[in-house]
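Shared between the two complexes below is subunit A, which has subunit B as its partner in the first and subunit C in the second.
== the complex of A and B ==
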């Protein structure tokens, strides 16, 4: 708030309404805040167990939020990483195949980094659209998870470690939640205070300009995809530890929820705008929604419908989409062509 | 060289000077692989399989390949319109195929077949309009939009059907259609060929087809030319939805059963067929007939893998790698072409 007040452009709007206007124009988290408020009110009235059993909600938030935070780094640069769903499955299966848990975790995280680098290679060096490149990887890696696991869930050898992982570590917080909090803080600091992270916004906003300004665009895209791959691998490990077994079909819902969290959170799909805070708010509202529906006995199919609708409406209420629709409406009513906002 | 004689794009002049020709040759090679490669690769794959894979060339197996290829092919032919219009792909065909299959069998059992078909048509129109409006009017990303409609659609279908399997009447029209064969060719193959010819006609001989191509190659110019571009996008997604609907009917007829999970993998097998056929994911370039060839390639490849004992996982890996590889060749050909 204070930040936006000091950034007043001095065009006479120094009154309260003007400040509020600029704040709203600058922030991207609006939809996430609205959804969070609606969902919280719904949960307070009909399903208050969401808040009394907050460790369940926090656990769900940690799961949705972790992959979404990784995804944020990629979307900020105007790219997409659809392969996270399969990275999650592959890393879980690989981790569970090792008898030594720590070796398994190390190998899985390395695999996540390598897959991220491969994705970035296809996007940056070969020049394929990231949607198609990571879609191909999504199918390829899903197949790989099936091949490694022999199409069966892989049970962990060291179950005690997995059970310890589920116990509270500091106060009420389980390691899972603490990892998420750490990841969130690290990402927030990285994107707002570290130069490399700030440059992500420049790459997403205008790639040519970023290149002209001397930003190593290719290296930044590599960094982004590797962050997303690494974080997805970590999420796969956490899911596996939670279930004490790795499911090769895991990740389908993670794809939906993490995209929904990031897009509701206001990360512009064309890149350059958004904040991890928005992703956190988006993930929190989805976590409350999901846990609330589960406690309420809503079937998983209906949950998918609702989360799918949230994603659908989030993606069509993107600022660019709204501008496109308003532009077409203006053309339609006034009968003259407006400049095309999206091109 | 045969390489140069088969290049269709007449804009690149034949290099008279051998020194200039080195780079031109390079450009031609990649362009050629991405455009004409599918003919050679398909022929090589079929010859290889015929000689080395036991049981590939048998009549039973070929009928089986056709039965599997027909629904995927019909879906892929429809989705070609979406890809040519530079909207990447329609992931929601998975939900569309399963919905139309379940509607056909379930409604035929309790009411009558025509009502089931009418409902399927209605669902297809709804999918086409919803996806098309979100992508065309709202300019939303097609991958994310169709990802969300997949989850909504499959969720609705599973919720409504309870995930149960519907068995059709063993003596009904659907079962008869599914089991009729003309020589080694199932009737479904005839449907695929008819649909392909019809779609080919639409793409090459109608204004709509022309606009889809023109929108795919330059949406800005198409819009400035006064074309109602959102309608073109809605049209492309609706054609895709019709393809998915027909694919669902053929799929249901083949096994005379329908279940919400029966279309798993249709999205990427169709995409692989389209891209391998030489339709560019960058839009504006491609043909329905090429997609048909791509379907032959992908189906033969999956069949060879099944016959050689490679399971579902390996097939997914192969198709995923195929998509990335084919797009890479296309992208590199464009890169070399530009420089």
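== the complex of A and C ==
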């Protein structure tokens, strides 16, 4: 009996460890957490202003994070949306063109949704690869932004409203930061608690299996692109309000940093794995890094090198990449050590 | 006094050192291997050795506190552009001479990025902010934040829009509208009374310098030589390849036989236009071509007769005066806004080899 009890205890422990291991293995935010800890320690030691002037860091986080949150919905399904940069520009230009701010906001958000739907149409109905389809949309919308704006920044008619928008609303938090927080919570709940959102993972993990399981794959892809378009349009509106004018060239940095945040956050570009929490952690790491380096007087060129290195490490330390490399290495060495069949 | 440039390099090296160590830990974590995490503390050690280089900085700064100022420079370009490459060294040298400890940030002409950098600058509470607007219409919130924090702002290279100028203490740099005027005046002189159809290649859309130069050129030809007609205009994005493509497309659209001249908003773009003309077997010397810059690319084209005239823009004057003007604001009475325009010297074949207009970038 004693032996049995000991065995039971042993099984219980291993089950617990196994469950913990499984839980951690399922999580994809590990690298983002480690990076966030590293940059936070670095900032605490060298540039604690990053935390004392937290409203600045949060502002940068919102800048990087908002479009990244929208992008997460698309990447989880194994698709890409490069058009977010131009959606941001077009939505800003359109919004600033209206004298009535609220009408402008409504029209711009609608445009974001429509562009997302058009992107999805090309991807799921026409069958064009999302990289190509959204690249085309990126150029098309950039041209549209220039045409609508007559190649000049569009200054908002109600400049005072825009200036007020950039000021703190609750404590030190500006509306931009609050909107980002709301967007993050909404997306997190959608992807973890709502059936439609959870099905994004199935679509990204194995599209055929998802289809066989009765998931309306096309509709989910449409939903994902429309979310991405909507959030990018919202970002364009916020940027325009915060800066009192829309710039038809805006969005270039947003595209790159959004992808960087998502990748650093552990979202698998092939789809099926990742979380919006990871995106948040990735964006927070990049924001602290950027703000800290700027406070610290690190040259812009060097900042780009460091962020490039972080991204590089995020990609090469992806467990799937490492497993693939190890697998290839094993095959290579086995092949070399195997006896020649002719002998 | 501590050399700000050296300080920045020390900081950059130290930052790379610590973050490289961090990256190794990061890599170890990604391997999903429990052993990897154990290696982390060992990897952090070298980075800690680098830290003293950085922590020395406050002591040095304090030592020089009596005659030095902390200055944030928000620029839209740096070593990534020919102009910025030759603007920065005289700017940094003069700043060091005058006791300005610079923290230079390059937003890459992204207005949103510059606004975010401005928030960082205001939070850092420097003695002064030097601003080169990435997008002229988008800097008002930055200026208001700096004013609210009691930080004076001086503007370099591209001036603010008129309604924002009251929020800055000074401007130094080219008269961008005046440069367009000067280029047009030369064009009108070369055209005489002849009817001339021209192509126009402008700078990056939305950029205030591009807008001002275009307006200065167009206003002047409308006023002084209405016989000159703009047949078509395109953007060359301040670079040669885009300009060459734009010129080539316009030649096709308008017809080579109808083109009597070209205006390009800078010399880099005019070089692209010249290549496009030559590719169509059109001799640039037979057309009236004016530009702005008098750069290493543009000056030889003026000497060879392919470009009829350009307007000298001195990047060293621009950089030096950004520092000088900031120092004047910090040390003097700034009851009135200081405005220092760079002289817009016209450069033609007659004076292109004069040492006083030797190209700088």
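Details
The definition used in the following text is that the second predicted complex is superposed on the first by the 307 of 343 C-alpha atoms of A that agree within 3 Å, B and C clash if a C-alpha of one lies under 4 Å from a C-alpha of the other, contacts with A are read in each partner's own complex, and residues count from 1 in each chain.
Throughout what follows, a residue touches a chain if its C-beta (ideal position, glycine included) is under 8 Å from a C-beta of that chain, and two chains touch if they have at least 3 such contacts.
Remember, it's a predicted structure, so these values are computed and weren't measured experimentally.
Bringing the complexes onto one copy of subunit A puts subunit B in a clash with subunit C. Contacts of A:133 after superposition: subunit B is touched, whereas subunit C is not reached. Look at A:318: by the touch rule set out above, it reaches both subunit B and subunit C.
Judged by the touch definition given at the top, the superposed model places A:146 against both subunit B and subunit C. Of the two partner chains placed by superposition, A:105 touches none, neither subunit B nor subunit C. Of the two partner chains placed around the shared chain by superposition, subunit C is the only one that A:239 touches, whereas subunit B remains out of contact.
Contacts of A:302 after superposition: both subunit B and subunit C are touched. Once the two complexes are laid over each other on the shared chain, residue contacts for A:38 go to subunit C alone; subunit B is not touched. Touch criterion met: A:250 reaches subunit C, while subunit B stays clear of it. Residue contacts after overlaying the shared chain place A:291 against subunit C, while subunit B stays out of touching range.
Clashing C-alpha atoms between subunit C and subunit B turn up only in stretch 79-87, chosen from 79-87, 151-159 or 205-213, once the structures are aligned on chain A. Shared contact residues of subunit A, touching subunit B in one structure and subunit C in the other: 146, 151, 299, 301-302, 305, 309, 316, 318.
Contact residues on subunit C toward subunit A in their complex (touch as defined above): 7-9, 11-12, 15-16, 18-20, 22-23, 25-27, 29-32, 51, 54, 78-80, 103-106, 108-113, 115-117, 119-120, 122-124, 135-138, 140-141, 144, 204-206, 211, 235.
Contact residues on subunit A toward subunit C in their complex (touch as defined above): 25, 30-31, 34-35, 38-39, 42, 45-46, 49, 53, 55-56, 59-60, 63, 146, 149, 151-153, 155, 159, 163, 166, 239, 242-245, 247-250, 252-254, 289, 291, 293-302, 305-306, 309-310, 313-314, 316-319, 322.
For subunit B in complex with subunit A, the touching residues are 88-89, 134, 137-141, 143-145, 147-152, 154-156, 158-159, 219-220, 223, 230, 268, 271, 281-282, 311-321, 323-324, 327-328, 331-332, 334-335. Listing the residues of subunit A that touch subunit B in their complex gives 80, 82, 122, 126-129, 131-133, 135-147, 151, 255-256, 259-260, 263, 269, 299, 301-305, 307-309, 311-312, 315-316, 318, 320-321, 324-325, 328, 340, 342-343.
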